[in-house]
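Shared between the two complexes below is subunit A, which has subunit B as its partner in the first and subunit C in the second.
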Partner chain A sequence: MSAADGTAREARRFRLPAINPVWFILAALIAAIAIENANFLAPIGYMNFLKRAAPLAILAAGQVYVIVSGGFDLSVGSLITLTVVGSSMLTNNDPAATYWVIPLMLAMGAVVGLVNGLVVSVLRVPSLIATLGMMITLNGLAFLWSGGAPRGYLPETFRFFGRVNLLDVPLVNILPVALLVMIGVGTLLTLLMHRTAYGKLLHAVGDNPRAAFLAGVPVARVRVTAFVISSLSAVVAGILLGGFAGVSTDVGAGYELQAITAAVIGGAQLLGGRGTVPAAMAGALTLNAIFTLLNFLGLPKPVRDVVQGLILIAAVALATLRRRRAGR
Partner chain B sequence: MTVADAAAPARPPRRLARRFERYAPALILLLAAASYLGVVFGTGQTQYLTADNLIAILNRSIALGITAVGQTFVILVGSIDLSVANLISVAAVLASFIMKGEASMIVPAVIAVLGVGALVGLVNGLVITKLSVNPLIATLGMALLLQGALSANFNNFAGSVPDAWKLFAYGEIMGLPVGLVFLAVLALLAWFLLRRTRLGSDMYAVGGNRDAARFAGIKTDNVIIASHVLCSLAAATAGLYLAARLGSGAPWIGRDGVYDLESIAVVVIGGTVLAGGRGGVLGTMAGVMIFSLIDSVFNVAGVDAFAKQVLRGVIIVAAVALYAARSKRFAA
Partner chain C sequence: MSVFAMEGITKAFPGVKALSDVSFACAAGEVHALVGENGAGKSTLMKILSGVYQPDAGRVVLGGETVRFRHPVDAIAAGVSVIHQEFSLLPDRTVAQNIFLGREPSRRGIVDERAMERDTARILKSFTGEHGISPQSLVGDLSIAAQQMVEIAKAVSVDAKVLVFDEPTAALDEAECEILFAIVEDLARKGIAIVYITHRMREVTRLADRVTVLKDGEIAARFDDVPEPQAIVAAMVGRDIGEFYPPPAEPEEIGGPLLVVEDGGNARLKNIALTLRAGEIVGLAGVQGAGRTALAAALFGAEPFTQGRVSLAGARVDIASPRAAIAAGIVMLPGDRKAEGLVLMQSVRDNAMLAARAAGRMLSGIARTPFGTQREIDALLKAVDVRAGSFDQEIATLSGGNQQKAILARWLALKPRVLLFVEPTRGVDVNAKAGIYRAMRELARGGSAILMVSSDLPEVLGVADRVLVMQAGRIVSERPRGTSEADIMHDATGEAHRVAA
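Coming up: the complex of A and B.
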């Protein structure tokens, strides 16, 4: 009933193009930060903000693939940890090692994603459990690899991606490399999801796997690819975080839930079928903007937790409400 | 999912699969017990084969068991609860903070903790049903709320519990630990509720097919809210138990025990389907035993703590895969 209703109304009334509300929320938050702290408007202010947000934005861009396919990827946080710990063990303070360690880490990420995807689509284990098991396993591996206490540092060549700001860039003066990585990965993943047949298949699988299967979609392959993309994005986020934050065995802790939160704030629908990459990345920026704002307001971390919880619930409740009113 | 069921070709294989699914937890439990025996004999450490040691093995997972009984209810109705770990911390801290070592404060403390538990469950249930928020998100948000509220007020062990309350963890009834007897009674009550009461059968109906249950006249929202209240009450009880066991509550004990994800893993290994509608509390108890047996196997075999964690992750997935792989359904 509501579907017919909707089309009739649509025909009658001129409609503004539907803009995802996450952009308005992000704009409002950034305005609030700017009012609170005028330094934010200087290039160093917003560039540092973007640099800090880049790992989560990349992670959210990968996570949204799995969410659209109808699953969850809880293993990304531990994969970040494993990337950072593994890189520090392998580079062993040798600046030249960076150039073979990074491809190796990406290959490792691809294997992790492949295993996740195969366990979910061939063994038919619910992704919540499959990636949870992967998370426990990878955390154990990170500890095992480093013997519990990671030693060594990442060489400067490795930290280049997460830490360095390019100076004397026209217009903006400084430009973090992390931001370039974020834009590159974001563009790539946006094009893959919204401009290729694969993106269409992904949405179809997430919306109704049975129907997609009967229509001839290679469901397993589409799903596995989604998990591989998510894992690769986690490795990239890990490389940035390693440069930005240094080596420890809990660098990635909590990132899996933040990535899901970011995707959901960006309007991705849990259990599949709806979601976009740019909105998920905007969700990540929104989450970071909230943290920054709370920080400027001098609120301690516990309050941040409470606020993050409330926002998470509110974002999903509002999205559900909107969807219901739109009759979709 | 009904489409997939209808599409299943012949009858007999399906019945066989059902039967397998039903006894899979028992099979895995046997497998775990066999590997325990194998390791004990293989390493010649037969001193581990006493009844006392068996009880000690089980005694280590009572908090997980109590939480998992609660988690069974919510998973059966097709929901999930990620806030249990933080609720356990809140309950343990609140209990020892109110008791402050005074036996006279036991009753008020227990009432307060269970009250908080019921309230958390009620809010979870209301947000999920009335606001239609995905249960994962709703309870994750609740987990963050609880953690924030807790660490804003406490950052270390707070208060202590009186000796009388420690009996919950260290006392014995007829040679059995009180906690273990409590868990057994709790599991029996949960079994009775699920299999012998109207609420129980409503839970299975709602988990099996929510729309069908609503058309059959079941107030589905109330059933889901009830299961969340039961789950949170169980988690609060686990917090009370941990306070008795540790002598005091600290804001990190729930998170350190990973009770949220482990309780879900235990329930699923016990044969309860994540999508809801199938499974039960007896399977969950088998799942808890499987977990503690696996831990003991590693301890007896002297496996490195980190390697233990790696194996644990693999075993959780393998155990679930053992019967999930046979289903024709599309897992999400």
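Coming up: the complex of A and C.
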């Protein structure tokens, strides 16, 4: 093999189509839903779908930062619960309270992320364990705070983000505020991950932390930031969920694994180094589309759990297989 | 009479012809060196011999009969074993358990540990030289050289007729190499046919009876007597590469002291006094574990000095981390490219931009760094001659030499004042080696100070303007350019300097 042949061959390999399969899967699922239920094609149908999917999509967009850095964040589900419960306790039915409660919740999320990140990168506790501990802690806190039986409701000003549809919007007629939040957060996190030095350093840290350290990357700072972003995304998801799911101590339960599943469906590599924000969000929509489809088919909630578990295993297995085929 | 012969071997992979019409044979008791640049087809040829691949055309004859190995296990059973660069040993089991893995002797259904250890001791004893490996030691506790010996013992224990050594000295120091050479010679005397793959000409001269040079999947030359190294190298690269090592620094090119260490020390280093001057390449020699890489790591802040003073261009500096070293203008090319240098899932360009981006602001765009734009870094990649279809492709797809040049570009972008090169040419082919030496000399000419750590002694002697020799964490001597290998080995292993524990 001469050098010229080699470069030509490598160039050809590089030009292979690189569209993430998650988009095809999502398109197929949406087609299936539309066939099952024609109402889905009306704005009210797909807008409601997007509205319901928005919290998970935002959560997945945050989770993929931690996954790319080489870790997991299991604390996001209980952070959602804490956000919803805490907001209901603090607002105490006062509509004006929303404007200081939301910034306070975001600050609380930042602290949770900071603690997660420092425990992982300074104390060197594996992220799975560190965030599992945080998950249990936050669940307990939410329970303590509410006294076990959360009362009260969130004021309308708070529920605005998760529940309200803007009406008489040109083209689509209705437009959920949650969708706008999802697009806003998604755009911000996409730009941060894929258009800044931080995103490149994050991928490097997840891929080879030792090499990143030796290249002068501030590894701890990069990792801690990823956990803070994930926690902030959980608070935002909690604010949306509080809007349409109501107040309870299990509102966030199970969301941590759904977010990880979504990121993996989107092709993020567990153990780090590979993953994109748009694909993780598409993974979240895919997961929601599967749930919607199962719902239409009249299958109960336990079936959803079985399917979600199988998808997680299958997605990781398929990704590994594809990589092995590609010779890496 | 050949033990094995490969005749007219042809092998193609999708899009590339790896071997065409290659014949290769080895007689009993012969050491046949197989050399060539990376990608020349050496590994493919040996993988066909050992049953990993099946040839598209041609045949393999072993002991007079045509054989078809479908799996490496078939080849091992027929007496063909390969000693790979990466060992296949289980670190948490003993030497004996590793050697008899999968074919443990048993008595009444219970593994006979005693017999296993007895046979292991017998095999290890048959090796010449002092190695002090016990059958009961855990493999993970052994040095790389000792592990390699276990790997060889494992091959010998199944009555190997043919042994293939794939760059066996890549991870060994000089003294360990000598032990290995003695073992190879001994095995040959016992009638084993030995195929020896290496990049180091000195080993060819030392060990080989015959040399075959592969280039682009074809036989470029075959020497029945080992010629001068230049002739082999010329056949490998297809032309005379002229001066392999660039000329040394002229006295007037060497400037004042740039990096000065006084009484530096940490857990692995003692009483380090060191001066690197602008314009100068200093070589650092010593046996494995003498503290050469520890010294580079200390200067770079990866394992900082815990005592002593370091000053850069006259000003005291505290180098507590690689980040601090980089900010001060000191950079290191790490020795283990894959573990310490490469970010394999990222592109060639992202790898080259990593250090520059890390030195900049987190929120700056991906095409801009404090040390140049993406376009400027692309130009740098071209200047160091990284061969890639596109700088967007994953760096994992490049050859070792091109990967190393991309890492070099990563550091050149920062315009460093002091460069620490650790094993800069490990696993790099001859052409790329010459390119890296040239780049080092150009950097020195530009006023940088360079420290080179290398286990390849001829390389140290060929490139460095002066050589420091280390032993047991101390710098024990300084030798000028033109020193002989023997002098350096004397200093590196001499009892005179050994410090009582």
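Just so it is clear, the second predicted complex is superposed on the first by the 311 of 328 C-alpha atoms of A that agree within 3 Å, B and C clash if a C-alpha of one lies under 4 Å from a C-alpha of the other, contacts with A are read in each partner's own complex, and residues count from 1 in each chain.
In this text, a contact is a pair of C-beta atoms (placed from the backbone, for glycine too) under 8 Å apart; a residue touches a chain by one contact, two chains touch by 3 or more.
What you see is a predicted model; the values in this text were computed from it and never measured.
Judged by the touch definition given at the top, the superposed model places A:G133 against subunit B, while subunit C stays out of reach.
Touch criterion met: A:L271 reaches subunit B, while subunit C stays clear of it. When the two complexes are overlaid on their common chain A, residue A:L310 makes contact with subunit B while staying clear of subunit C. Shared-chain residue A:L123: touches subunit B; no touch with subunit C. Applying the stated contact rule after C-alpha superposition, one finds that A:L144 touches subunit B and leaves subunit C untouched. Judged by the touch definition given at the top, the superposed model places A:R210 against both subunit B and subunit C.
Of the two partner chains placed by the overlay, only subunit B lies in contact with A:K301; subunit C stays clear of it. Of the two partner chains, neither subunit B nor subunit C is touched by A:S230.
Measured by the number of subunit A residues touched, the leading partner among subunit B and subunit C is B.
Once the two complexes are laid over each other on the shared chain, residue contacts for A:L257 go to subunit B alone; subunit C is not touched. Shared contact residues of subunit A with subunit B and subunit C: 210, 213.
Touching subunit C in their complex are the following residues of subunit A: 1-3, 5-14, 192, 194-201, 203-204, 207-208, 210-218, 222, 225, 269, 273-274, 328.
The residues of subunit B lying in touch with subunit A in their complex are 3-4, 80, 127, 131-134, 136-138, 140-145, 147-152, 261, 264-265, 268, 274-275, 304, 306-314, 316-317, 320-321, 324-325, 327, 329-332. Those residues of subunit C lying in contact with subunit A across their complex are 15-18, 39, 216-217, 300, 302, 322-323, 325-327, 332, 334, 339-346, 350, 353-355, 357-366, 369, 387-390, 392-394, 396-399, 410.
Across the complex, subunit A meets subunit B through its residues 70-72, 119-130, 132-141, 143-144, 148, 209-210, 213, 219, 257, 261, 264, 270-272, 300-310, 312-313, 316-317, 320-321, 324.
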